[in-house]
Every structure is written in C-alpha cells, then in structure tokens.
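Chain IDs A, B, C and D follow the sequence of writing; residue 1 opens each chain.
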C-alpha cells in the first residue's frame, strides 16, 4: 500500500473551516487506499504571534522557555486536526515531536534533528490509523522540548517521509506550485509540472520563497520525492524529483526552467586592495565573524598590484558590513569602502544549461539589447546570476523570461 | 486610460504580510498605467468573528447596531490598505460605503443597493489617486449605516465597476479560478480560461462555491466583465464574460464546461396525491410560506388519477418540509410523506448543449454504464441535473468529467 | 523561610502588560524573603477560545485530543511568565502538570488528582528558584496529558501548597476579596477580612462566584490557608481559614457573615403524592439518574395521607426534571407536576448562627416586614435559605444585609 | 431626575461576559431611577492592537487613515453594549463621536475637542433612552473622523458630563479607586474615599497611573465631579471633588493624602556653568526644542560665579538630553555633563500641607532617619518631591507612608 506524508502549512489550517477542509482531503486520500502521515504547522500566523508576545513580555527570553512557548502552536493544531478526522470516521492520533521520535540537539529555538525514531508512527500506520505529527518540534538529548525554527515543519515532513520510506512527501501551502518566475512580475509566468532538487535549491537561494531550503536539501540528500501544491485549489502542483540521468537524452528537457530575482541585497565594494595571497580569506573571515551572510563575490583582475573586491549581503546587514570593511582598510592597504543599496539580482536557473554553452551569452545579449547594465556576474553549473540596477530588475526578469520562451501563451488582461 | 476594479476578499488580506502583498499588486497595476479602484473585505474571518461576538453578547441584536458593528471590519481593512499604499508611493484614500456613494434600502444586515453616486470615487480616480472602498456597506435612505450581507463585497465591486464604466472587475480570492469540477473529487479537474455568466450562475447554483451569486447576476445584468483570480499565486484566473453570439460559429466552444455536485439537499416525496389542478400550487405555496428553499421538483405521470410529487430542499430544512407536507396529507388526499437524506445532485453545465441535443443521452448512458441509478432529473437550457445516491455522487462526477473529456491530461500521483 | 503559593487566574495575565505586572509582584515577594511557587492559568479567555474552536472543528472531540489542546493554553502562559521573571533577575522554570508531578485518573477533560509527586518543584524551591506550574493539568496513569476542568488551576494551587506544606495559598483574581453580599445589588456591601472554609463553601454554593468550590473543599480537608485577593489593585483581600475554635469565645465573631442569592434555579412541585415510605427515595433516585442537580427539597406534612414534594433545580434542567416527574405521576399516585421558573433563593450565611438561635426568626421577620413571601425554607448549621419571588430577591438581599448590619457605613452616590 | 455619565475602560469590556456585566450595571442604575449616558472604550487592548497592526502594515501611517482605523474599536464596543442593553429591556442607541456632537480640531491621532453639541444625546436621554457614546473620537472641522488619543475616553466622558450638566461622571476601571500609595510597594496602602482635583493632578503627575490627567484637568476646570471605581468588584471607589473651602475648618482634613513615586526618570547635571542671566533660559529652550520633557529643575547657589544645574527627564529621553547639553557646554562655559539613571522620585501630596508648615521638615527627617539621602528637592503648594537613589525609593515610600499614618491597620500576611 502506498504511503504519503502530507504536510500542511499555517495558512492551510488558519481557521476551523480550513481545518475541516484539510481533514476532508486527508480522509479522501485514505479512502482511496493510500496510507497517510500528516505533519501540521501552527494555525495561521500563530508562531509569529507567540514570538511577538514573548518579545512584549520579556527581553531575555531563555531558549528553553521560548521552545515550550512556540511549540504550543503545533500542539493545538495537531489536536484539532485529529478531532476533525475523527468526525470523518478516520482513526487519527496526535503526536508531539517527542512522541513522534524526533531527537534533536540542544540548540534551543533552532534545533537540528539528530535522529528520528519513528516506531510509534509506523505502528500507528500499520494499525490503519492516521498519525498527526506536530511540525518543527522535537525533544533534545537533555530531555527538553525543542523547536526546529521557522519553516521547520517542512523538515519534519521530509524527515518522517525518509524514516518511513514514504512514496512521496506532499507540501501543501497557499500557492499552487513552483512558477517559472514571480507571477506578480511576469504576467505569463507558468507553473511547472516538475523540477529537479538542484534547480529548486538554486531558485530558493535566489528569490523563490518556498519551500524551506533546509527541507529541500534534506529531501535531495535522502532521495525523498516532494510535491509542492495548494491546499486552497487542491489542483496538482509541482513535483520535485532528482534530475534526469544525463546519459539518457530527454528531448523535452528545458534548457532554462526559471528566472528568479532578489531585491533584498546590497553591493559593498572594498577598493584598491593590495593583491596578495590571503587578503580575501582575511576579509571574509572578518565578515563571517560578524554573522554577515555574504552571497555573491567578485574580484577584479589586478591592476598594478591592486584590485577591487565586491560582494553582496542582505540590505539590513549593510551597515555592519561597511563598518567591518572600514576597520580593515588600513590593514589591507585599501583605498576605500562603498555600499550600493540600489541593486538587485536576476538569475536564470536550469539544469539544461550544462549541455548548452550558449546560455550565458543569451543572457548577456538579452540584457544588453534592453539597455540593462550588468554590474556583477556569478555562475554555478545550473545558474547564472547578474547584479543590475534595482529599478531595472523587473524588466530584466521579463525579458529573460521571454528570451527563453518560458511563458504559457498570452496573459489575460490585467 | 484603462480602469480596473480590484476586489480583495478576507483571506487575501488576512494579515499584515498579505496586506502589503495586496498593496504591492495594486501599486504594480497602477505603475503599468491602469487606473485602479480597490474594494476590500474585512480581514480574514473578522466578519464571522464580529457576528459571533454579537451572539455571545446579545440575543436580540437590533439590526442598526449589528450593521454598525459588522462594518467596522471593512473600515479597518480599508484604512490599513490605504496606509500600505502610501508606503509604496501610491496616493490612496479610504472611503466608507457611505462616502463612496452606496445608497441602500433600510433592510439592516442584508441591505439592497438602490443607487451608487460614485462622484467622489470618480473624482479621486481622475486626480490620479487610488480609492479604497469598504466592501458590503452603504448608508440607508434613513441615514443609518447598512451592511449588504455576506459576500456583499463582490456586489460592491461589481456595482462600482458598473457605475464607473470600468474595463474589468477583478475578484481576488484564495483559489486560482473556476475549475471544470471540484479538484478534491476529480484529480484532473482543469482551471477554465473563460466561462459565460449563465454557465457560472448555473455552476454556483449547483455546488461551485464562488463568487457570490448575487454579484454574478449584477454583473450579467449590467455587462460587467469579471476576472476571478488568486491573490496568492497572482497567476491569470478565469474570465467571466457574456456568452458568444450563437450566430457566430465558435469552433472551440466546448459542449460541456463543467461538472458540479451538491450533497447538501434531501429528497422529500408526497405520495399518492390526487391529480387535479392546483395541487402543486397549493403545496409549494405552503412550503414557500415556511421559507423552505425548494430546488428540483418532479411530478410523475398520473396513475389512475393519483401521482407522486418529489422535490429537493436543503438538508437542514428537511424536518420543517416534512412537517409542512404532513399537514397537507389529508387535504390533498395523499397517502404519505417520505424523506431521503442520502441523496446528492450531479450537474453538467455548458452553453454548448443548446446546439448539441445528444448531451442528455450521454449523461444518462454514462451513469447507467457505471451502475449509478438516477432518481430525479431536472434540466435548464444549459444544465442537466440528476439526483443519485449520495455515496455514488463522487464517482458520478468523475465519470461524467471523463465522458466529456474535461480533464487536462494525466493527474499527478496523489 | 516562609513559602507561599501564588495562583494567577486568566484575567490576571490576560496580556503582556499584566504578565509583567504579575512577574513584578512575584519578584517583590521573593525579594522580601519569601519562597514562591507560582501556579498560572491560561491567558484571559484562552481556555474558552480553545474549547470553542474545538466545537467549530469537530463534533466528536475525543477526550485525549481535547486535553492535548486545552493544556496548550497554560503551557504558553507558564513559559511567558518564566521569561518575564528572568527579566527581573528571578531564576524561574516552567513546569507542565506532568513535570510538576500531578498524577491524575484517566477521566479526560475533568480528571481527578490521585497523587502529587512534588520532588522537582521542591528541589527548585530549595535551589532558590521560582517554579511556574501550569494549572489544571496532569498526566494520567495511562501516560496521557489530562486536564482538571474549568477552575482547575485553583485546585492545582491548593494541592501543590498542601504537598509542599506552604504557609499560605494566594488566589489572585480580578476581584479584591469576598464580600458580605453582591456589591452590584447591595451598594454598601463590604469586603471581609477573613471567613471560614465552611462559610465560604456555603456562600459558593448559594451564589458567590469565586473561588472554585472544589479547591476550597480541598483546602478545608487539608488545612491549607487561602488568601483570595486582587491582581489588579494588589491590596489585601480575604483570608479563608478554619473556623475559630468554638470553645474559645471570640467577641468579634459576627453572627452573620454574608447574604447571597441565586436566580438560576426553578421550583418543581409534585402534588398530591401518596405519603408512604420510599416515595421520596424513588423520586430523587429517578432525578439523579437523569443527572439533574437537585438543590433544596421540601416536603409538606401529610394531609389525609397525601403530601406535596417541592424541590429546586437549575433553570436549564427544568424541562428534563418535569418530564422525569411526569413519568412517575401514575406510579406515585400524584395529582400533577408544576414548574415555577420565576423564583430565586436568598441565603444568610454565618458560623455565628450556631450559637444564636434567633437568626432564623430575624430572617423571617425581616422578609415579612417587607412583604416578601417565603415559598421554601432550607437550613444547614451555618446557613438559612429561603425561596422567594425572583422579582423580590434583590430587595430581600438588601433588607437582610441591613437587618444584620453587614454594611460599611453610607454608600457613595451611585 | 439624576443624571450620571458612566465611562467603561477597555478591561471593563474586554470580552462578552464583561460586556454583559457592564450592561447589567447600567440597567440597574437606570432601574434605580437615574438617567445614564454611557461612554465606552475599545474592548480590552484593541486600540493597542490596531496601532500595532498599522505599524506592521505601514511605515508612513497617514493620520486620517490612522484615525479611521483606531476609532473602529470603539464603534464595535458601543454597538455591542447597545445590543446587550436591549437584551435587558433598556432602550439604548450607539453614537459615534461625530453623532454625539464632538467637534475637534484637525490634529489627527491626538485631536482636541473644540465643541460638544450634545443635542442628540440630550434628546435621547429625555426620551428615556440610554445613549452609548464611542469614546475618544470626534469629527474634525474638516469633516474627517478624528481620535482624541490614548486615554481620550476619560475626556469624552467628562466633556459630555459637563455638556449635559450631569450630577457625576463615573470612571470605571480595573482598580477599585485611588490609593494612599502603590499597594504593591506599601502593603497597608488604603483606598481613599475622596480626594480633591488638585491632589489627584499632583498624584497623577508623580506616579499614580489613573485616570488620564487631561480628563482630570477638564473636570477641575469645569467642576465635573468624578467617581473613580471598579467595574470588577462594583464597590464604591474614590470621589474626586473640589477641595473643601479653606475658610471652613474640616476637622477630618488629612494633612497628607498620598505618597507616590516614579522610577522612570533620570537626573542630568550640567556642571560649572557660568552664573549669569539667561543661562537657564537658553538651556531649557534648547531642551524644549528637542521635545524633551523636563520635570524637576534645581540650580545650586553660585560658587565663585559658577553653579551646577540639574534636572530630571524621562529615562528614554536621557541620551537626547545629554547630547543637547553637551552641544551647549562650550557656549555656557560649563565644565561637563553627567547623567544618572539610577535615581527615583518620591512625593508626598496633600492639600492640608498648606496650613501645616512642618510637613517638609517631617519628610526630610523621616528620610534622614532611614539613611536615605536626598539628591534634589522640588515643591508645590500641595506636594513635596525628593529625588533619591532608585534602590531606596520603595523604602522611602514605605517610611513616609508610615510617618504620616496613612495605613489602614496591620496588613495581612503576604
């Protein structure tokens, strides 16, 4: 008998009506002869609300108490969904992270899973029951309640799917799948039927908001097939699966799958740095020590023994990054530090570009033909990212989406 | 310059994050050169919450106070969206129903629009501003605040679109459009690009939940084009437009557009009624006097001067209907009253059936081939409805959806 | 070192500001050199809200899931208060009912405490820490989470106070103590400095709303001194203590402590019953089997072998009681059943009446002098209750309060 | 017939149960033959919640939209209370600030009342009805909805009481009156039966939290008698009335009414300032220009032409005050600026001190006898304030409360 893990996010279970709709879907799946394990997040924005009230109440917020507090959200949701399933004649039991066998390290508020002892869940499934597991929670090796952090329910779902050898892990959310681009920017963006783990990871890293990157990595590493889909329309969404074997020619393999963008970063440039070994290592160690998330890095070729190093970092870490760089100016013989907040990144992602060397050229030509200047370039095996002016990035997304013919025919009047 | 009315329902603006996402979309539309008038519902389930708290506080609930209470929800939402638009550099102003010129009758909690004096809204649009109108509200001819009832924001949107001569009225919700069938039941149900007013009205009347029927009727009667679409994925949805002129042959006109179903009705039968004029009139007047919503009606041919009359009514009105019928048994010389709650209705809807006389035969043959017995039949020009056993209705929907090839290719693994 | 248990009810911790105010009070108590164990209820009306959402979601509501759901409220509150205490430099730890050692039976949603193994709490206190215990919860002998029912936090507080041998158990609420009568009815009602367990139990049984009767019984049975006081004004409230030894003359012992009333009952009369042994037993067994909470019972003296039996029961159980009585009319040779919903009960309570035989006479004379007819009378050692017309009960309360001089001087203008 | 204005704050009407309790009290007052006008705040913390969600949604928050948003809270509350009153047979009508005749200036979010045209309210009262007025709101001379700011409902109540010539204005809250000191600090603090406007203003200015100072000033200026009392216990609270005529000897006039304290201020000292005319004016003009709320000011006598100027300001304005002072150091020939955050103020307030010159001496002696050093002194006709070390202020409050015998006998065990 097939086994599916169905994970429902907060908006999917935001109110009693939605809770019953989710129970109805789970019951249908079960009636169709598929075993189901449910993973559930806190209702609506409850996790946000709990964190906020903690901030209102306390400025110290010990981790042990935070995790006791925040995990109450999933406890409520899992108990309620179990009740709703009982109403539909489905034998269901709620399980906390601890009861479900999630053993974590002791890093409160952002714990890591160290083991999944899924015996109770497996026994419930074998008995024909539907376990409803509270997402994003576990018990630490110190026997305290722990929370896996924001987006942790996705990880719970993938981990339990792996532990049980489930056929697929369905991640239900409020969008109907993964799109070729942001439909707000590109009116003819198209939902993809399938995408590879690697492509989705590149997309998530460059602006596509869902699902949580950590869970996709977990799924890729353990070969857990994902299905990203909507709990509002219930239509089929996007399958996330291993890339097709490159040996086997797939005529329908698109060269480019998606165009993403990100406007949350700034560009910082350290100019006139002495071009000698260890300079970059020194700089980026200093930035890492300040918990600054550096993304793209570009170093120009040396000109008379000096060079410029540019990198991007989140906009809200820009000030900290500038201060860190300035503290190194003297030591690195640099001539100055500048920050530019008005940049954005556009990326094309596609596993097919590995075997199509002309993709980069097409990207650059397309941007040039539209008078969009490229300020930085970074590539991986399946992604090309360009930094452009922020006020040109939506145009850049649109023209690249058109250039690679990702659209689904003419869009409706907007 | 084009003018669009954009209406956002409760789930679209359920929290601050969603409120900002909506503002972003409005701002993008405005930046693309289209004038926008926004109509907004109360946030999330606030209208439900307000009605519930009124029930908790009071058993009398005078209408004037209820409308003062309930309309507070839209006031909050419209003020917040106006603020969010200001943040994006869009000049916006909130307008209550009264300020927007909605004059209604004095039927508190379910008022009818009697006039829309849209001068202030038009002036704001002409001045390059975005008016944000509180949905479902107006001012009565007695100068009291009134509420248009549940789903009234759709009506507000259509009415203001008509009053302003807008090019289109976009109804944003949490689903991505109108589907050929319920995707929970039919895994390969497909979102339609367009549908006619008449078809949507038949669908809404037979199980398709959105949008509010009253607003679709208003739109049809005044020729206001609708676009039903998602505020979560922002992808194009379903256009609702007048039916194509039948003179003009449209090769792509589907014979059948959708298969809907409804499990909320019962069948009541009054057996052995004397077959003489006025009997049916007498019966259904009595039911109407009890506020029973009779839907389908079937009367068998007379057998020796007696006949059976069957009708369907909402499940929660069944008891009342039975009592009413029983009170007439003697007077109508009937032999008894029976009620059957385990029935359901399946309907096929399609403007194309007018010119394709074989549709009914296909429906009956398909159900018969699948051993699904038909208990009642009812038809309109563009709809065929059959009452079947409730536990067979989902199968009926699936086989009819297959028979008319409404699906979009193979569904993904569920 | 003194040890106090401080219990805070829902309104006391309804929002972050109140949560910090409570933490401030706990910290002050600790700084004054008293050890503190805190018991905390869910914030505000959260328990009500959780039960309501369960009703919205499900009609079956299995007990195991209900208790998992409802106890989430106290988990949140206890974590938040622990955080707030940390902010004030007080080392605090939250404890679930299970962690605090509350072992209960398996009666979900209304479990009974079978053991309190308070070792962890005692160890925390000995280490100079403040344990913050989630109220109204435990773990069943089947290892499931259990809920003690509404008002269960009071019981948790008294039980932990008993288990630890605390000097006093303070019950903080939104009223400032126990009053001589309902201040809404008697404008010069006065807060009492102290009252005996027995008196408070009689008061609670006859209309005084707080604290939960079950916890007062627990306190009386185990000799736990209570202090009912306000978490809003923080002024001293009312001590609940054992009655003074009757041997020892206490000059200040008031004859009457309080006048209470109750308008939630009806009077049911079974008339003309045969006056033979076992009749009453038969009747009240039948009522008990229907879970009808009979309160006062009066049987008239027999007249020619027949008598009337009258009793009071909650208004919302009246219909059920009448049906039960009617089913016995034939068997008991009764002549009929009548119900009267327009009655109310007024009670005077006071330990001093044991040694002052004239109290009853004063009660009857006072009511008579004010033309208030008495329909039923019932007495205990320290209480006299009279059933009167409902529209006279507030006057009855006032004149009795005056007759026994319970007021505190002239009331302010109202 | 007497007329009373009853104002209910947020915690008084925080949930449906409380709303019905308030309606019950209003109905009782009306039944006792007193006409009532109700003024009501938003339920619980709703105003805070609305302001917070506005911050979540927008960083610009135009005043017109903020006032539209925030006043929705009182609309809900007033409609609900009107419904609850109808249930009790009391004819009630809700009125917005605009409908009630509150004309304000155009200062959004903190509007000032410019006129109260109470004709509709008076007509409703004359018709035997109970008007329920939304607090803290009005309509501006520009016809926009305005909000009077936090605590504005108190002002609404006092203003409508003045406009109608009401006999008294009752301010219901969650505390039972005005106390001789903070009961959290002084265990035997005592609720006062009455206090004069001037004393309450001094108390409010020096740490007593309620009611809003602006409304007390309005009441004093217009001779509106106030009654500060509890909507939880309903017991009589504290009357706020004009001071007794000093000609008429009042034997019971206490010399000192209350001891208050405040820990929210810092002391800033500008040292070695040249002692010449205009220096202080220059300094405090500069501070005023920065919106710094200076409270106490002390200037030492000159020593060789130089002096120190010390003042207190709110702790969270300390940094700004220091920067402002530092910018003046050179110009004023000062020798430096120091800030001390670890100070607090203790104040004794009492109209009787005017005729008892020894009060100040008693204050100083009492503090000295307890080794509490006084760092600054400031007096008004009816108040003496001393700045002391923050960690000694609670002791200072206690010993002064004892010295003036303000307590009500021995406190209960805490």
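Here is the rule we use: a residue touches a chain if its C-beta (ideal position, glycine included) is under 8 Å from a C-beta of that chain, and two chains touch if they have at least 3 such contacts.
Nothing here was measured: the structure is a model prediction, and the numbers come from that model.
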Compute the shortest path length in steps from chain B to chain C over the network of touching chains. 2
Work out which chains are contact partners of both chain A and chain B. none
Chain A and chain C have mean C-alpha positions lying a whole-number Å distance apart equal to 53
Per the C-alpha means, the centres of chain C and chain D lie apart by a whole-Å value of 36
Give the residues of chain C touching no fewer than two other chains, as numbers and ranges. none
Chain contact topology (line, ring, star, complete or other): ring
Quick one: which chain pairs are touching? A-B, A-C, B-D, C-D
Which residues, counting only chain D, touch chain B once they are in their complex? 16, 19-20, 50, 53-54, 56-62, 64-66, 68-69, 72-73, 75-76, 78-84, 86-87, 93-94
What residues on chain D touch chain C, complex-wise? 4, 11, 14-15, 17, 24-25, 28-29, 32, 34, 44-45, 167-168, 174-176, 179, 182-184, 187-189, 191, 193, 227, 230, 232-237, 239, 411-414
